[in-house]
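Look for chain A in each of the two complexes below; its partner is chain B in the first and chain C in the second.
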Partner chain A sequence: MSSDALLVVEGVEKSFGGFQALRGVNLQVPKGGALGLVGPNGSGKTTLINIISGIYAPTAGKVRLGGQDVTGRLPHQLSHLGVNRTFQVPKPFGSLTVRQNVDVALGHSRRSQRKTDDILGFLDLGQLADREASSLNTAQQKLLDLGRALATDPQLLLVDELGAGLSPGDLDLVAEKLNALRKEGITMLVVEHLLGFLAKVTDDVVVMNAGAEIFFGKLEAAAKDPKVVEVFLGG
Partner chain B sequence: MLYALIAGVLFGLYYALIGLGLNLTFGVLRMVNLAHGDFVMIGGFAAVTAFSAWHLHPLWSLVLAAVLIFAVGIGLYYVLVPRIATTKDPEMISLVLFFGLSQVIEALAVMQFGNNTQSIYEPVFGKAPINILGQPFPAVWVVSGLVSLLALLLVYLYLYRTRIGYSTRAVMASREEAEVSGISVHKVSAIAFAIGLGLAAAAGALAPFMLGGITPDLGVGLTVTAFAVIVLGSLGNPLGTVAGGLIYGIALMLMQTYLPSWSALLPYLLLLLVLLIKPSGLFGRQVRSA
Partner chain C sequence: MLRRRWVDALVVVVVVVAFVLAPQAYSNETLLFQMMVYIALSQGVNILYGFTGYLPFGYVGFFGIGAYGASLLMLHLSWPPILALLGGGAIAVLLGLLLSPLLRLSGAYFAIASLAASQAVYLIVSNPSLQNVTYGPYGIQLVSQFNPTLSYYVMVAILALTVAVVLYIRRSRFGTALQAMRDDPVSAAMAGVPVVRQRTFAWMISAAIAGVVGGAFAWQTSVFYPDAVFSLSISIFAIVFTLFGGAGTLLGPLFGTVVLYGMYNTIGISDPQYFQLIYGLLIILLVLFLPDGAASLLKRRGTHVL
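Then we have the complex of A and B:
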């Protein structure tokens, strides 16, 4: 294990009844780094994110954060330790305003020095601060989801298909925001199908298939790897 | 007609109080507490017993029953709900489990109080009627309406003006997003569940007057009525319960005035109509998918 790794996933397995979703996944994300996670639908990417963020407990294996074993911790406990995430399909707190959505997360953070107005300003949501969150469009809801996660001042941000459903203009905007967050020192694990977007925001990628990692390295190298090509193009 | 409408509002506020706790519980847990009506019944017997044993005024019994049942609710939540939540089908298991709890509570009530109707027959709220718009109403109806209104207002302030209330609304919107935002979902849910039971017990303390008396088998029927009220307003949205309660109360009073023999059917008729015409409730957002 690398000593500068913030997140270490060791042999993580997850079964749902008879279905094995993860088969001993290993990966590391260095402090301040950004690792991409790609793979076909059903390869276990979101399951892995759910385990790292505490929504699922793994069937076997360990998750370490900064050397500390955090396997099986509950999501709110992990949030207090500086792990947060966005959701593939965000479900903002619909009856609360945009500002209140961020305030709720900020109010439960044990780490955050951030301010709601700064977060909303950074995400260009300041004009919508008093709108009910349920009235936002998809791109705005995704940005709000990111804002809610930022409110807890995460050291590790798990980004689950933030780019899905966004226009090219919105994608560039989100990539710019994620890169700005990296410069602040936030470590990221980014699940994404959009490889162009991934190339803009990550250093390396792990490619997953059928619950196991089959490649680690640069995205350009992944495109030439025979196993990866077989998974994506069927040989 | 005016009398029926005003009486409907007074009873509507009371029925909103009965339904509010059930809706709060559903909102945070996505589980229907089929034992809800039994906690109304417990509150009723508590008031009757406290009055006959110590001559305690029912309004004091109401406060005591609400606080005690709130404490019971916290314990009950941690005994039952986290285990249900880890099962494969929490909604179905919760229906069976809360139905079982309802049967146990009813059986214990029969053992303790017998099957006869019990009530408080003394005019503890005064003998003189209270006039509203020239119409005389029993004082207890007006007091019950006002107490219910106060309780509804307190729940509104809790949900919309306190930090834990915001957290409760966050959990209602999305448990997963709330959890990763640092909210202890079990803590928030336990408090909401306990408040729900406390409100039921508070409503129960007024039941000897508003419902004419208390019997151990009262719970099942009251759960159906409460369910009709919250479906009518909006399942999962506690404030919709107030609208549901008012519509139910006014409809009930109009039925009792003009079609008394049909009034017992009202909860079922309203449930059927709302589910057929507007399943999200008359004042509802999309809070359930089936």
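Then we have the complex of A and C:
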């Protein structure tokens, strides 16, 4: 295990009844780094994110954060430790205003020194602060999801398909935001299907298939790896 | 912030003054008492359903156990009535704690499970084998404690406290967290909200209100049988009043109770057939056109409803 790794996933397995979604996944994300996670639908990417964020407990294996074993901790406990995430389908608090969405997270954070207006300004949501979150479009709800996560001042941010469904212009904007957050020192694990987007925001990628990792390295190298090519294009 | 506190205080004062003065203008004190009971119960349902999304069909269980708890503390341990009422509330909270695993369920499953739990409590309390403790199916008689005037004013105080609690929840970080959990519990947990603990806390507050109100009802009524305080219609009334007015607001359930319970007492007793027809029509219209209650009529126009 690398000593500068913030997140270490060791042999994580997850079964749902008779279906094994994860088969002993190992990965590390160095402090301040950004690792991409790619793979076909059903390869276990979101399951892995759900385990790291405490929504599922793993069937076997360990998750360590800064050397501390956090396996099986509940989502709110992990949030207090500095782990947060966005969701593939955004999950705002629809009946609350945009400002209240961020305030809930700020009010329950044990770490955050951030301010609601700064977060909303950074995400270009300042004008919408008093709107009900349910009235936002998908791109705005995704940014609000990110804002709610940022309000807890995460040291590790799990980004689950933030780019899906966004226009090319919005994608560039979101990539810019994520890179700005990296510069602040936030470590990231980014699940994404859009490889161009991933190339802009990550250093290395892990490719997963059928619940196991099959490649680790640079994105350009993944495109030439025979196992990866077989998974994506067929044998 | 200061202006909001004044508004909150004004609401509490108006409720207190209205029910303190009402017996001067309207002689049926029992009806006024029961209206207060239902306003408080609908606010209890409101805390649970309006703020957390959990619809407690078995809410009457807390009311019944509060009525019995308070009565038995008066009869067996000779507790003074006001202390016994608090004891009834505490017993309802204990029952809430015992039943808190039900909160693992949601939606219709929770509604039905809470209903089953309340009926289980009813069957235990009314069991003839427990006659020495609960008086079984033969009911309770609080003859020496009977004091309709004092119990009326104590109920006014309970109502004022209930309204103040709901106002506090609406304004507090706790209340916003409950609404966030209602909208999306997973997202709320990621926002750092200890979802299970907060939801259980709301459940306990709601149980405490029903327990104390049940105790007050027992004291005022003084002679009652188990089916009178464990009747499912108590839950249904409190839920319908809340939904009619608008869950998640303070004034919605208050308005719903005054209108619907008032209507129940004006035509429900003299002309029950028309009452049921009108009630049924009102509920159908509500579900079709105002699923968020009467308060949503104002909200749609951009008016803030307290």
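Basically, the second predicted complex is superposed on the first by the 235 of 235 C-alpha atoms of A that agree within 3 Å, B and C clash if a C-alpha of one lies under 4 Å from a C-alpha of the other, contacts with A are read in each partner's own complex, and residues count from 1 in each chain.
What we mean here is this: contacts are C-beta pairs under 8 Å (C-beta built on N, C-alpha and C of every residue); 3 or more make two chains touch, one makes a residue touch a chain.
Values in this document were obtained by computation on a predicted structure and should not be read as measured data.
Participant: Which term applies to chain B and chain C once both are placed on chain A by superposition, clash or fit?
Facilitator: Chain B and chain C clash in the superposed model.
Participant: First (chain B), second (chain C), both or neither: which does A:P92 touch?
Facilitator: The answer is both, since A:P92 touches chain B and chain C.
Participant: Please indicate which partner A:S53 is in contact with in the superposed arrangement: first for chain B, second for chain C, both, or neither.
Facilitator: Both partners, chain B and chain C.
Participant: In the superposed arrangement, which partner chain does A:S167 touch: chain B (first), chain C (second), both, or neither?
Facilitator: neither
Participant: Regarding the shared-chain residue A:P75, is it in contact with chain B (first), chain C (second), both, or neither?
Facilitator: Both partners.
Participant: For A:Q127 in the superposed arrangement: first (chain B), second (chain C), both or neither?
Facilitator: A:Q127 contacts neither chain B nor chain C.
Participant: Please work out whether A:N179 is in contact with chain B alone, chain C alone, both, or neither, and reply first, second, both or neither.
Facilitator: neither
Participant: Using the superposition on chain A as set up above, list the residues of chain A that contact both chain B and chain C.
Facilitator: 53-55, 74-76, 79-80, 84-85, 87, 91-96, 100-101, 103-105, 107-110, 145, 148-149, 151-152
Participant: Which of the residues in chain A end up touching chain C in this complex?
Facilitator: 53-55, 74-76, 79-80, 84-85, 87, 91-96, 100-101, 103-105, 107-110, 145, 148-149, 151-152
Participant: Using the touch definition from the top, list the residues of chain A that touch chain B in their complex.
Facilitator: Contacts found on chain A: 53-55, 74-76, 78-80, 84-85, 87, 90-96, 100-101, 103-105, 107-110, 134, 145, 148-149, 151-152.
Participant: Which positions of chain C touch chain A when the two form their complex?
Facilitator: Its residues touching chain A are 173, 176-177, 179-180, 182-184, 186-195, 248.
Participant: Going by the contact rule set out above, which residues of chain B touch chain A in the complex?
Facilitator: 163, 166-167, 169-170, 172-174, 176-185, 285
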